[in-house]
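Below is a structure I'd like to ask you about.
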Amino acid sequence: MTTPQPTHSEQQSSSSITVRRSNWFRAILLDWDKTQLALSFLIILLIGLSPLFIDSPYLLGIVILTVLYAYVGLAWNIVGGFAGQLLIGHISFFAFGAYTTIVLLNHYHISPWLGIPAAMIPAALLGAFVALLTLRYGLKLDYFALFTLALMVVLGIVFSKIPFLGGAIGMWIPFRGESWAMMSFVSKVPYLYIALLLLTIGVVVHYAVYRSKLGKYMIAIREDEAAAAALGVNISKYKTIALCLTAALSGMGGGFYVVYTTFVEPPLVFGLPFNVELLVAPIIGGRGTIVGPILGALLNKPVVEMVRGAFSAERAGTTLIIYGSLLMFFMLFLPRGVTGLLEKPHQKLRSYLLRKLESEKE
Amino acid sequence: MPIEILAQTLVNGLFLGGIYALVAMGLTLIYGVMIIINFAHAEFLMIGMYVSFWAFTLFGIHPYMAIILATVILFLFGALIQRGLIEPVLKAPLLNQILLTLGLSTLIMGLAQFFWRAEPRSILIPFASSSLRVGDLILNWPRLIAFIASIVLTIGLYFFLKKTKTGKAIRACSQNRVAAQLTGVNVRKIYMLTFGIGAALTGIAGVLISPNYPMTPTIGQTFSITAFVVVVLGTMGNFVGAFIGGLIIGVAEAFGGLYLGSDVRQVVSMGIFILVLLLRPQGLFGRMI
Amino acid sequence: MALLEVEGITKRFGGLVAVRNLSFSIDRGEILGMIGPNGAGKTTAFNMIAGFYKPDEGRILFNQEEITGLRPVLVCKKGIARTFQVDKPFPEISVLENVLVGAYIDTSDTKVARQNAESVLAFLRMEAYADKLAGGLPVGWRKRLEIAKALATKPKMLLLDEAMSGLRPSETDEMIELVHQIRDQGITVLLVEHVMKVIMSLADRIIVIHHGEMISIGKPADVVKDPAVIDAYLGEANSHAKD
């Protein structure tokens, strides 16, 4: 096809604006995706510096869980946000990962440094299983959501019956002293940095998927399956890939979780409350956005903990009240999440910068 | 396995099924009219139980009298929830609806825990353990009454929907909202009414089981997912299906408990659920999609 | 040289025969117009070629290869692209990203696909809209986007489903020019249309469908004089007049 040279005015694709190297900062700000990515790294950096200011193990614990929830939120966002699938019972993947890591550690003495990445495999297999089944039988939308919930309940019961996995009581990691090799620490600070490492991996993978063919195909499936198919997108294949990616990443999150909290039991990791807790961050942060899950976790977990602290006498129920209220508030008034709120200000910033660029050219 | 045990299991299953049916009927009615999966539905059961508990503890009202109280409270509660919270998201994407009702469910549970503490409470009335003996069968009175009540309510609901003007309006809305509107049906009012009825039915179920179950703020969760199984099995929107489905699941769980052990009872209903979702998602009474 | 050969395809929906024993072929580089009264079966035939329906009988051959009953994904990969009558943009992403989805058809490299997408937008003179959200486009440009997405998949044949409906006369003229340019690129075109002006200015040949059957095929000048065709259209008009 002959390619006539296109004429671009300043209002167009920021990628085609020639930007002097010293204006890379401006270049990032002009692209909403890149801005979000930069924001993600900034948050990671700030959290990384937090041990300089935070001593209390209690507060550090909150930060660690916030980071983990952000990571799991990013994982969910791939199939739930980019591909737009109604994945509700995704804690099963997290649970598979947790059990994998603890079994490898307790029964086979394999270090979590291997055990956590290894957690991706059973989780991804479960993801493939779910994808296969739901695609084969055409389970969509609410039926898909209900299926994942039913699976969660069944798996919970099954796991509680297997002695090798600790049965109904679950499994725990006994403290055998400080050990880098076994990821066993007295202080919480090393766990924070491991969590941040996980989050960084999550951010990079998440963004890479978004900008790649994979990401575009997933978004196409979300927006309009029929149109996507007519453009050569193999719907089943990409839905499966999306689900497996989410599952694998969630599995790693579960692996870290069990090493950090040293405990896992079926009612916890196959239970709806924990599932909802993991779901809140990407939803209120902004489903399908790049920084949404991180912002959502930042908003969610610390707020929950602070309110819990304030009501220390009446602990029961405060967590649930906050999660429930947050979910409802956002679904009613801010369905696009926190990131959605930031879109307009960014657009204004962008117009301002573009006008400045134009005036600079003169 | 001796026949007496099988028969008893069957009876237990039917009684349990009657309760499932009541919860599911409310849920399916709401789904049929508004096409929304109400994850908060089982919390209405929990509230019904607590209404019964507080009425008994504070005022000495017998649970069965509390039914009237529960009906009124839950009907209003349901109608208000529909008007204030559900109505705005009816046009929103499915995930938003699901998350809204999930959030509502979480919130209600949290509030119950906060105000009413998390420990189990019970209504202690001697009546709770009295039974009727029919041959070798032991029919626990409260459960029997609950079962009869569920049949009565089902029949009542059936006639309400088929014969009364309001009932027909509800059915019209579930079949074709736009056409119903064109014939002068106030759809908004019907939505509120339906949600209220659905909530009330479930609340009544809560009162009915209050003599037999300890109440905790999370008791709704136990019934929640089973209610979904029943609704899907009986075809979404079909309340007769919900009744029959409820009985089937109740009996299945009872026998599951008998042969597999009571802690894995849920596997049976979940197993049925998964099979139905995979092989016959339109339920027993639906047409092939 | 026939690029598309349709041999005796039939499609039934329940008791209704939507398309009956339809046969025709399209030559490489040709623009074939498909017309017919409402409900004649044009869209059904169109959708069978595009893979959305599976023919109950008959065969469809593309480039001498059998594509009967292939799903839309595979039909696209074989080199047939289609637009939708009611356009189906991906509303939440930009115009460029919309076209990018199509451009990934033969590559996983984002740079390469992006270049392809940008040149398609340039060809359609849509560069100004590259970063605009597809959901907010005005009607005329939405129709262009439909075509842009399809063209990005580097098709050998383009199926246009009423791509001109709802356009202003000036927009229609632009689109006609566009389809000519598409053909000049070597792409064969099958277009289903109601707007006669479009058909007469574009089509090398016209095929007329009525009650699911082909009642005429040939050069535009000949087809409009064909008594069977006049009968079909006038017959429609008459039956309306009687009501």
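Going by the order they are written in, the chains are A, B and C; count residues from 1 in each one.
Here is the rule we use: contacts are C-beta pairs under 8 Å (C-beta built on N, C-alpha and C of every residue); 3 or more make two chains touch, one makes a residue touch a chain.
Owing to the predicted nature of the structure, the values given are computational and were not obtained by experimental measurement.
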Please flag the chain sitting at the greatest distance from chain A, going by CA centroids.
C
Whose Cα centre is nearest the centre of all Cα atoms in view?
A
Between chain A and chain C, what is the separation of their C-alpha centroids in Å?
41
Let me have the rounded angstrom distance from the C-alpha centre of chain A over to the C-alpha centre of chain B, please.
35
As a quick test, compute the distance in whole Å between the mean CA positions of chain B and chain C.
52
Considering only the defined contacts, which chain B positions touch chain A in the complex?
37, 85, 88-89, 92-100, 102-115, 117-118, 217, 221, 225, 228-229, 232, 263-264, 266-267, 270-271, 273-274, 277-279, 281
Of chain A, residues touching chain C in the complex:
1-9, 11-15, 211-213, 216-217, 219-220, 223-224, 226-235, 288
Along chain C, where are the residues that touch chain A in the complex?
50, 71-73, 76-77, 81-82, 84, 88-93, 96-97, 100-102, 104-105, 107-108, 110, 113-114, 118-123, 127-128, 130-131, 149-150, 152-153, 185
Residue ranges of chain A touching chain B (in the complex, touch as defined):
80, 86, 88, 133, 137, 139, 141-143, 145-147, 149-151, 153-154, 157-158, 160-161, 168, 272-273, 276, 279, 283, 287, 314, 316-328, 331-332, 335
